[in-house]
Amino acid sequence: MGNTFGHLFRITTFGESHGGGVGVVIDGCPPQIEIAAEDIQFELDRRRPGQSRITTPRKETDTCEIVSGMFQGKTLGTPITILVRNKDTRPQDYSEMAQVYRPSHADATYDAKYGIRNWQGGGRSSARETIGRVAAGAIAKKILQQAAGVEVIGYVKRIKTVEADIDPDQVTLAQVEANMVRCPNPETAEEMIDLIDQTRRDANSIGGVVECVARQVPKGLGAPVFDKLEAELAKAVMSLPACKGFEIGSGFAGTQLTGLEHNDEFYTDETGRIRTVTNRSGGIQGGISNGENIVLRAAFKPTATIGKPQKTVNQAGEATTLAAKGRHDPCVLPRAVPMVEAMVALVLCDHLLRHHAQCELLTE
Amino acid sequence: MGNTFGHLFRITTFGESHGGGVGVVIDGCPPQIEIAAEDIQFELDRRRPGQSRITTPRKETDTCEIVSGMFQGKTLGTPITILVRNKDTRPQDYSEMAQVYRPSHADATYDAKYGIRNWQGGGRSSARETIGRVAAGAIAKKILQQAAGVEVIGYVKRIKTVEADIDPDQVTLAQVEANMVRCPNPETAEEMIDLIDQTRRDANSIGGVVECVARQVPKGLGAPVFDKLEAELAKAVMSLPACKGFEIGSGFAGTQLTGLEHNDEFYTDETGRIRTVTNRSGGIQGGISNGENIVLRAAFKPTATIGKPQKTVNQAGEATTLAAKGRHDPCVLPRAVPMVEAMVALVLCDHLLRHHAQCELLTE
Amino acid sequence: MGNTFGHLFRITTFGESHGGGVGVVIDGCPPQIEIAAEDIQFELDRRRPGQSRITTPRKETDTCEIVSGMFQGKTLGTPITILVRNKDTRPQDYSEMAQVYRPSHADATYDAKYGIRNWQGGGRSSARETIGRVAAGAIAKKILQQAAGVEVIGYVKRIKTVEADIDPDQVTLAQVEANMVRCPNPETAEEMIDLIDQTRRDANSIGGVVECVARQVPKGLGAPVFDKLEAELAKAVMSLPACKGFEIGSGFAGTQLTGLEHNDEFYTDETGRIRTVTNRSGGIQGGISNGENIVLRAAFKPTATIGKPQKTVNQAGEATTLAAKGRHDPCVLPRAVPMVEAMVALVLCDHLLRHHAQCELLTE
Amino acid sequence: MGNTFGHLFRITTFGESHGGGVGVVIDGCPPQIEIAAEDIQFELDRRRPGQSRITTPRKETDTCEIVSGMFQGKTLGTPITILVRNKDTRPQDYSEMAQVYRPSHADATYDAKYGIRNWQGGGRSSARETIGRVAAGAIAKKILQQAAGVEVIGYVKRIKTVEADIDPDQVTLAQVEANMVRCPNPETAEEMIDLIDQTRRDANSIGGVVECVARQVPKGLGAPVFDKLEAELAKAVMSLPACKGFEIGSGFAGTQLTGLEHNDEFYTDETGRIRTVTNRSGGIQGGISNGENIVLRAAFKPTATIGKPQKTVNQAGEATTLAAKGRHDPCVLPRAVPMVEAMVALVLCDHLLRHHAQCELLTE
């Protein structure tokens, strides 16, 4: 339980950091979608370790195998299985962690819950699990693009206290990919990279904020009450490793405005489409997309695993000190960008299908 | 779809603001739990309109009828249905809204999605829908209390820019209920009440932040990957009307610390229990509760419906002006407190059952 | 758990035989469907007790109230709640059953599972629960009719050993409703009625077989593997009270043929449509509808509650004798017909939506 | 959708007959269960092709790889992935089927639903898909055995018209495995084998009935209403390829008895346990297990693919004749036995967890 996400476009991820590999089964994918392994690999490469000097040095090509669900380059409508083998594993780096709990990591809670744990590299709690999400997200993006021209673009908005000024309505993927920190503002990007470099040298870690925009989202996606679009997005994004906060549109800052200041007035544009003048709603009203850009932000804490020595206890509860030897990211933000995009795409794709089923059966 | 929440302790809410009534069906409730109608009514009374001068003046006693699932004061293990009739309805107050879209409300998106809408008082998008959640939450609280001594306490942390200093480890329900704004800091509460009074007189609205703590939560609740406990809580809370942001533990502020500053060091307390010195994790690590207090915050935007005139359009897309006549809250925060508590209790209760099923079958 | 059925067109039933009432919440219903209370009442009247001398004499009009989800005669797309109050309750008739287990009834297993039981009239295990199913089925039928012209017709095929010759391709609802046993073959119907009359006088009970046909089902409904259309139908029908067997198409008898005899040869009809010459597949191949009539049969055991004295035990395990005093059907078959139809309609409607979502998003 | 089964012990199968392989992801498995690859391989060997002269001659060892979810021989509580590669594939044998529809097979319906189909060996509709079920079933059996001593034994009850006399209360796995047709009555087994041999030589096929018993099932498993234990079992078994009918306990034959003849009288045995004298209920009353042996039967039609020429059409709707060249079973029954056992074990294991969650949280 808990390893499946989505109601109609439904993914199940599997695998641990060390062991046979990680991957995903995608059920409910529409048939006849052309997908090349390169489409998936492009996104996996944005996520993979070792892609730059500011990410973990673990060497993984994360080459994906499509095990099932495709035929002659097209989806069959049956489950698509994507498998990535673990290659550059170094269990010996983690032998100390078989006994000692890393502070603010999942070691102690996994032991408390299951009474057993694959201590090699974090096991199931490793960010390696997100390979399956990113691979599935690549397919979701393709469907969204094909069905409605939707594009989903994430980027680093803030590293620690260094915040970039970025216009979510205009930002492009090329701008995001133009530098290793994935901040589409080039000047701020340099500052961020310097800060991460410094942090790495200090054997410490830092966090920040990823912002993500979805453009060209059709009106009407999302379901009232529990499956409000913002609630589904919140769960999706908050389920990523190290995520501690989520906000949509005006978010926490919006609580400091009055209703008169905060409300988005309606108008009708030149094409006759009902629009809003401002977008403090972040593209969602009453849990349902209103056709404006969906804009959300996610807070990622500083990486828990750090090289600096910290006080902790071992499984027996005895006090000890730990200085992590495993390879880890000084800052997860650059690699979190494709993860956030993937989760947003999965939610939108699922709700695109759900909306089509309920509201477009008899009205077409 | 979208009106059901939970995997084992599963609720389905129904009903619109105006019409036959609102309510909930609770499936999966353990049998033989003693529940009095008063337990449920106590929570409904904290949520109901007209409870004080700073809430909407709609007069509803929100008296609940338990239609099924109970016998001789105890749960049967079969679906519990709780029904609250709508009484003080004034459809005529909303006749203008049959045509005109309230800014930042759900009117336009419901029309876009369904092509039909019960425009009387917001229909399904009305906060009246939360009656079912709060009623179910009352039962979830009872189970949590009985099974593990868990207590869930929410309170108003901030109104607009007026923020209260409150210790989540010590706060009591009596302190929260001691004033009409549900802020357990009496001085700040006065300030908040004044601010809401002023806003009401201005025919405007304001928002703020609710904080919620769950204490005595057993270690081990939550499931890795998509159903991480913080992800489930995020969805639960973000599905409440007007909620725009969610954070757990250190949240957004935590992204400004380094890993060394942010990590929660482990120690063993006098009873031999492994604890953390600080609680920036907010009681959850790797998606699983660690036994520390779960602390979360939710951002609620200023109420969308205000008396001041605003520019908008009607269904035909023609520009017009709207000044709402319906009864509404100048600030939803005081009534949001029991809603947040309910959602938190529902998530914890569901995961208590899930954990018991998977991890306590063979190890007992 | 276990009180919800369907993935997209999803119903949750609630209520016990004695108590506040029984009903259903329907989630995921397409919006803008015109439904009159009479549409629902028509089906409830086919199901209700006391409709003829061969059914239980319990006097219930089973008048339904639509509590939510409708506005100005049309569905809103939000949950539809239908409530039927219990009126003619006689708990005193069941007082003996508070202690004594009725053979082949649910009394003992409910006690074993829950440790508590509403012994008045069977509680949740009463066939009264099916009111919610039949009400929801009425709406599902309407959608099926409107979207694709599907009609679902059930009838009594056999009572004990009296079997009727009926052509599923030609049978009409009027023929079924022409007599109180719901067997569209008038001569056999008379025989069946006599047999049930005789059984009632004997304070005994009998069972039989209901056959059901769905015509004009579009090709392509059903999902491979676990949610094969016949598997979903099997679960739906086998979940009805007293049902002990299910078969589709050739069923058990088909196992006595060779492959050459059993296979349905393909041909192309005058309209260019690919058809099968025979229909031993019962309208489903590989779990997916092939456009031929879906034909299935369900075995209903003789009613467990009988007036004749039987050996049994009480809760303490002491041997005793029971002769039921409550009102009960000598044969459930006539009332099972609308129940089977409802379950078949619910499955088809759910899969109509599912198919539309997955396979008709990009190909339209 | 449709490739996932179970609510708490939840499996997702994937893969096609020809392509990268087939397998299963198991989510929700309790942690710390010792499982050896041999436990799984034992069941896969009972299912695999080429195991005897009366099964398909396709040569597959069906060797399984456990990709994830295990550590040092024990389950981790995280998803268990089992992968079996396709080896002996002969796509050329199926080239004709790229165009021509096999009667009573899934070719035409897959084309109608998806507009695309992997025609090599049946693709997703191949019985090879059941490898994932049987592998997961092996783990479910282990849990059932460990938690409650449950054993699940299936066997061939009838081949075409040759029916065996077998006592479900006494039959052993050794007796079942003693011959290649898996009929524990040695004399009838010989007759069955002769009949299958004859059929194979005729390039024809035959069907029959599998019976399955689950012994030592605890009282209380199953959930009222839609998830009645017999309904869940019906869906599970009817989702197997070629299954056309299902019955529990007295099944269709029981409809020919009166209530007095059919009811199972209660008594208290020497250990104080409430039992039934007869078991026409098949171990389930009111949808809940009563502690007696669960006995069910499944009808399997004659294999659709036969060597004899049959009339059919091609994708263009043109009339043609097909004599299958691919390798296929003259009778699926011997290999269906482990499949039925697996599905029964999966249902019971899922409901064991569900019952533990709801009814054993507070009462322990």
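To keep things simple, chains are lettered A, B, C and D as they appear, and every chain counts its residues starting from 1.
Criterion: contacts are C-beta pairs under 8 Å (C-beta built on N, C-alpha and C of every residue); 3 or more make two chains touch, one makes a residue touch a chain.
The model shown is predicted, which means the values in this text are computed figures rather than measured ones.
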item: Any chain that touches chain D and chain C; value: A, B
item: Most distant chain from chain D, judged by the mean position of its C-alpha atoms; value: B
item: For chain A paired with chain D, centre-to-centre distance based on mean C-alpha positions, whole Å; value: 38
item: Rounded Å distance between chain B and chain D, as computed from the means of their C-alpha atoms; value: 45
item: Approximate Å spacing (C-alpha centroids) for the pair chain A, chain B; value: 26
item: Contacts with 2+ other chains: residues of chain C; value: 1-4, 7-8, 13, 28, 31-32, 77-78, 113-115, 124, 224, 354, 358-359, 363
item: Contact graph of the chains (line, ring, star, complete, other); value: complete
item: Residue ranges of chain B in contact with chain C within the complex; value: 1-4, 8, 10, 12-16, 19-23, 25, 27-28, 31-32, 65-69, 71, 74-81, 83, 113-118, 123-124
item: Chain A contact footprint on chain B (complex, rising order); value: 1-5, 7, 13, 101, 103-110, 112-115, 124-125, 129, 158, 160-161, 199, 204-209, 219-220, 222-228, 230-232, 234-236, 238-239, 243-252, 254-268, 272, 274, 276, 280-282, 284-291, 299-306, 308, 310-313, 317-319, 354-355, 358-359, 363
item: Of chain C, residues touching chain A in the complex; value: 7-8, 28-33, 77-78, 143, 146-147, 224, 352-354, 356-364
